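The following pair of complexes shares a single chain, subunit A, combined with subunit B in the former and subunit C in the latter.
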Partner chain A sequence: MTAAPAVEKAEVKPDEEFPGIAAPDTRKGYGGYLVAPEHLVEVVTKLRDEAGYNYLSSATAVDYLEEGKLEMVYHLYRITGGPALVVKAQTPRDKAVLPSLVPLFPGADLQEREAWDLYGIRFTGHPNLKRILLWEGFWGHPMRKDWKEPYFEEETKPFDSRWPGGAVFRSEQHNPFGHNVKYPDGFTLEGWTPEADKALYAGLGTVTDVNAGSLKTDQIVVNLGPQHPSTHGVFRIAATLDGETIVDLEPVMGYLHRNHEQIGERNTFLQNIPFTDRLDYLSSMSNNLGYALAVEKLMNVKPPERAEYIRVIMVEMTRIANHLWAIGFLLNDLGAFFTPALYAIQERELILDVFEATAGSRMMCNYMRFGGVARDLPDGIEARLNELAFERLPRKVDELDAYLTNNEIIRSRCIGVGVLPAEQAIAYSTAGPVLRASGVPYDVRRADPYSIYDRFDWNVAVRYNGDVYDRYLIRLDEIRESIKIVQQALRDLPGGEIQTGKPQYQVRVPAGEAYGRVDNPKGELGFYVISTGKPNPYRYHVRAPSFINLTPFGEMCKGHKVADVVVILGSIDIVLGETDR
Partner chain B sequence: MYGLGILRGLGTVLTHFVNTYLDDIRWLGRRYYNPQALAVRQGPKTAGIFTVQYPEEKLVTPEEFRYIPFLLYEVKEDGTKEDRCTSCGICAKVCPPQCIWIERTTDPKTGRPVPAPREFYIDIDICMNCGFCAEYCPFDAIKMDHDFEIASYDRTSAHIFNKERLSTSVDYYASIRPTNYAREEVARAEKEAKKAKK
Partner chain C sequence: MTTLEKPVSDLQVPDDIQPNIFITTLDKIYNWSRRSSCWPMMFGLACCAIEMICTAASRYDLARFGMEVMRPSARQADLMIVSGTVTKKMVPQIVRLYNQMPEPKYVLAMGACASGGGPFKEGYNVVSGVDKYVPVDVYVPGCPPTPQALLHGLITLQRKIDQQSIRNVPWYQPGASEPIPVPILGPDIIDPRQAPLLRDRAARGLSNSLTVADRVKE
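For the complex of A and B:
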């Protein structure tokens, strides 16, 4: 880790340190500092090296159409904990250029590519600035406020055609398949090969001179996916190989892209909750919570005690279910075909039964509301939870531990594979189990507490080697910690209301910005929401842990074999619904 | 000793394997197609094989389970059906994927809206089963169903449900969600009483 400077604990005021360069953001409901773009790198360097803000959590863009400006918003944190320092830089819409932060924070890599892709901000100094979620034949930058999608009906929901006229139509009638695409000027599909794929196809079968000791070998580019069972979804890996060793590797994503954020800005605040279920669809409860916290910050409401406890129980149960799934499928990736996976999934099913009985759905829970939860625990669920948390789950986790941890095959395949050192884990903005397995005890639940996590007795799980084996072990540790939290929450579960105020279908959200973040099973999930006081959010951004945790993927795979790539990917634990959004 | 970890792990597998037979013996041939055994098999005390023999056996859907909304009507004493829906449009406004279309009835004489829907459509291809419509309906007129076996042969014609297809009696609702129904009836009775007092 970078050495902690003496000023570490003091609050930093960039506007005092950089007079004339940084100024506090004085818009109503906003915070943070506006920095002149030409000085952005200088300011952020100083914040990182002298004030200890060495963790770039989120970097995202906002389109202020009326002012004619695009804005990049950076959320910087100290890896030792504490609140965010928000830095913003603005650039004109018609000529959007900003300096890249990749040389300072490699974790900005994919996020800046996303901002280029969706907003059209050019980052000078970015090593690989090309589209990431969309393809090269896509016209325009879809998150800009003046961009309209082919299915465009109205700027915001609810649409006027639904009521009281009720003239029903199927969207296919208005948008026949094949006619809903627009290409950039001068773009023809005829004979077109994607830029990235040119290298890929040129590499196939071409002899390049490589010196690998005494043996003369060829380099070859191999394409893994997008349809491949080991990629956990539609995810593609373009790997350059020397023999069977990875020389270079690039993740290619976006096959499941549906412009979640654009949909989110069309929706009303409440309508977004079920959409967050579909991000990381293995842990919908925590997604709900992250979004609810962000909007609750804006609305300034607090859920009642009972709702807080129910939230914690559900979210920690989600973590257990998610990690069971992750461990099971890591074993699948190692070649242990489905026996360990099904042992893990069986326990997950029992947890999903609880979700189904409480929330109404096993995976798309849609359970949290602003200022509470949707409904109370039904009869018998508390007993079921008690039985799971106190009796069954601890026993089954021990069984899984005894079954797998000391297995020699697992050890030899996992120990020392895909190592991510602590400094790199921080610089790459990784989060969750990936970060903590590298020896950085950073857990949002402890570092920047939300909900009622400060009331429970639990430890931040941490492992120090940063390899696949430690990422496996830390998931077991986290399951045990989560069981501890659930046990305490069940013991202390108070009675009373589950919702502050009356449930409303149209919530009033005061103008301003908020960044709500939770420690999702996959890592830090953040929601950056801007309200203008209207029923729909002006900006809705998801800081997706699965997406950002992939930034160091290529680095982790270098020097390993093809079979290890699958295992390393499995140990990062991604869900494509969240990666591609 | 190298390989001990693998052997121990295989021991776990063997335990699972033996447990399946022990559990079969425990139920003496009544392990399948038996609701009591299914409840144990799918509960926290489960041991042995966990799977459900669908479609002969089906998981019991919990009361809160939600799948595709339906509209409620009440059967009056003279046998006529009366929709609870007043076509206020809250469900259409709150619906996240905007899959609800409501045509309001207007009085032909006065041209004023009448609190009853002329038509009600739900495009079930678009419905995401979030349950908001049921949750925010002030008249308890739209509720989520339990029937998840709705496969059909033609998606272009069969997947927009109209009012006729959606309408279901209150009795059916009371049968699938007894606790919710009881609670709502109490609340409705209280409301009626308040109204009567005024």
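For the complex of A and C:
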């Protein structure tokens, strides 16, 4: 299936293989290996080709202000399963340069651009290093610890000025412009020109000889979005067209960049849970779980049995709701305007009713806690869940399947469109249904098990063609698998506690780093959290599946028609809250 | 026209207010037709947009208010539901879309973010409420507002429409209405209306980069 090496070593110790180049990270609570930047490419190549670490899950930066260093952290995995190998490289803050890993792992592309945008690390050898979440011309690299936002009050919450008993004021009062803005001193509009989209358009590929074919056509650049009915939010696509065919295409994002990570580093650990709801706002329950797992790793607590089961039930219900939505809106993009979506939304509403009764909110559940869940299931909800899982949902999925799968238009619009071969899917670090529809049976629930998934009888859904049609089918498969898991969890649901220890507002998190990952409906959602023992995380990074799944989007679209672009995008199933964070 | 004329003759209306009777009755028809076909723009920003879609779906059924016709083009829309966080990178487009909408036009700020920045207010890329740039008619609180809350907001908007009169609505006043200047992406988002303020501060040598913490200290 994949290019895994013939002899796979059980464990690799880079420090033994590369003496003097790689050294174990000995900081308290840390793991992985520190690699000298000039040898980074060499080490990672060897790890990939000889040790089988061929899947770069996450690449992110950390600012160690006191040491004057910026650090890139890479989480490498084997696509056959197993734990991570963490590789790190450091560079001085004032002259931050690191080699790019894009030639090795094209999946590092957008992630390195993010690190450049927010941390100001230059990557030599990166083919397209420009800002991604902010715009060209933005003043500074905002995630650096010494960069202060205009509404900055204190490093960490709760702010003394506001709690307890502080004076309440509106931040606007304290800004001379009455807005959330700051400019370099002496800045005026006279004699200044905005950079606008020059860099974007310059980076778009073109056909050298437009008129090589028999028909004389013009090559044009078009923009879809950010306001467009089929971009699933404020997503923008810049594409060069030859007639109606896509020559080159680049996703443009950041229109919903809400500074999740920076706000997360000011928040206390617990305050971040409701913020994770707003990442992938269609599956808040699973986001909660991913973050809770990362922090639980650091705190070393385990939720009680009942809580584990409730978590699984909620998360799988979320997956069903999300996939229903994804299928409905994929059909929307195909032109079956709103009718299939209405059927899908109808079922989703019933699941949301369960969430509302249990967690108190339909969408933003804020339900998981470190070491448990916030509330027990209320009376009558188990019966409701049973009815859904054993009776209604299986029937409705079959119904959707029967109406849609063999529809002639769907087949002719989807089969063979937007193909992503398995090798590329791995190299591009795609995850979730996108990866599995390309024939790679990689599911974090199996490959690196968490929670109690090892107790249930279920299959990793996999399809082999990697086109839009398979990405549609795999979502149906996954709904069926999820229903199976929910049925078993409901059957075995034990009684007892739902929270280890007393619920606390301020949790003690020992110093160290942790990477918690879950298989979200959209793909692998990872949380990289660093604690220094204080009430707030020092670093809080989200490995967003919607963001990274977009890396091969341009490749998938090339050669297809404009109308296929929205369909391919729909089949990747992104949500902008998570893409832009 | 008989139904319109009849009460006039019955009530013995004095000559000088005769035209008003006609106007108020016309207002009723005019407002009724506008309030019952207020087409929103198909335009979602963030999490709140999901609840907006749910409101349009079968359970909550926006069609009951004549509002189910979501228009993808700003040129055909009457109502802009700002459903989500307004970021600095996005606000130039929002203002442009607002300018493109034909009058009469209304803006509904859905959720905490659109109303005032919401949970992400302190973020460096977040605008503290869409009303910093475009005028808002109805604010709907919530994060996200439930579909019921959005419906209530829309009914509130209908009430507002009911109270308007053809004689003083801005779009029937002489002269064209001014478009809102589109913000520019520079070192930070720039409202062109603040160009004189920037010039003035530069001339006086005042700092533009102090944070709230610095100012509270001062």
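Note that the second predicted complex is superposed on the first by the 538 of 581 C-alpha atoms of A that agree within 3 Å, B and C clash if a C-alpha of one lies under 4 Å from a C-alpha of the other, contacts with A are read in each partner's own complex, and residues count from 1 in each chain.
The rule is short, and it goes like this: contacts are C-beta pairs under 8 Å (C-beta built on N, C-alpha and C of every residue); 3 or more make two chains touch, one makes a residue touch a chain.
As the structure is a prediction and not an experimental result, all values here were calculated from the model.
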Which of subunit B and subunit C A:Glu399 touches, first, second, both or neither: first
Which of subunit B and subunit C A:Asn407 touches, first, second, both or neither: first
Which of subunit B and subunit C A:Pro99 touches, first, second, both or neither: neither
Which superposed partner A:Ser161 touches (first subunit B, second subunit C, both, neither): both
Partner chain in contact with A:Gly372 - subunit B first, subunit C second, else both or neither: neither
Touched partner set for A:Gly52, first subunit B, second subunit C, both or neither: neither
Touched partner set for A:Val234, first subunit B, second subunit C, both or neither: second
Touching partner for A:Glu349 - first (subunit B), second (subunit C), both, neither: both
Which of subunit B and subunit C A:Glu387 touches, first, second, both or neither: first
Subunit B and subunit C contact sites that coincide on subunit A, given as residue numbers: 161, 171, 274-275, 346, 349, 364
For the subunit A and subunit C complex, residues of the former touching the latter: 133-135, 137-139, 142, 148-154, 161, 171-172, 174-190, 192, 194, 196, 226-229, 233-234, 254-260, 262-263, 266, 274-275, 278, 281-282, 341-342, 345-346, 349, 362-364, 576-577
Subunit B residues within the subunit A interface of the complex: 2-6, 8-9, 12-13, 16, 42-46, 50, 61-66, 87, 89-90, 92-96, 98, 100-104, 113, 117-121, 123, 125-126, 128-132, 135-136, 144, 156, 160, 179
Subunit A contact footprint on subunit C (complex, rising order): 42-47, 49-51, 53-54, 57-59, 72, 74, 84-85, 87-90, 93, 97, 117, 119-128, 132, 143-144, 146, 184-192, 194-195, 197-199, 201-202, 205-213, 215-216
Of subunit A, residues touching subunit B in the complex: 157-159, 161-168, 170-171, 267-268, 270-275, 339, 343, 346, 349-350, 353, 356-361, 364, 366, 374-375, 378-379, 384, 387-388, 391-392, 399, 402-411, 503, 505-506
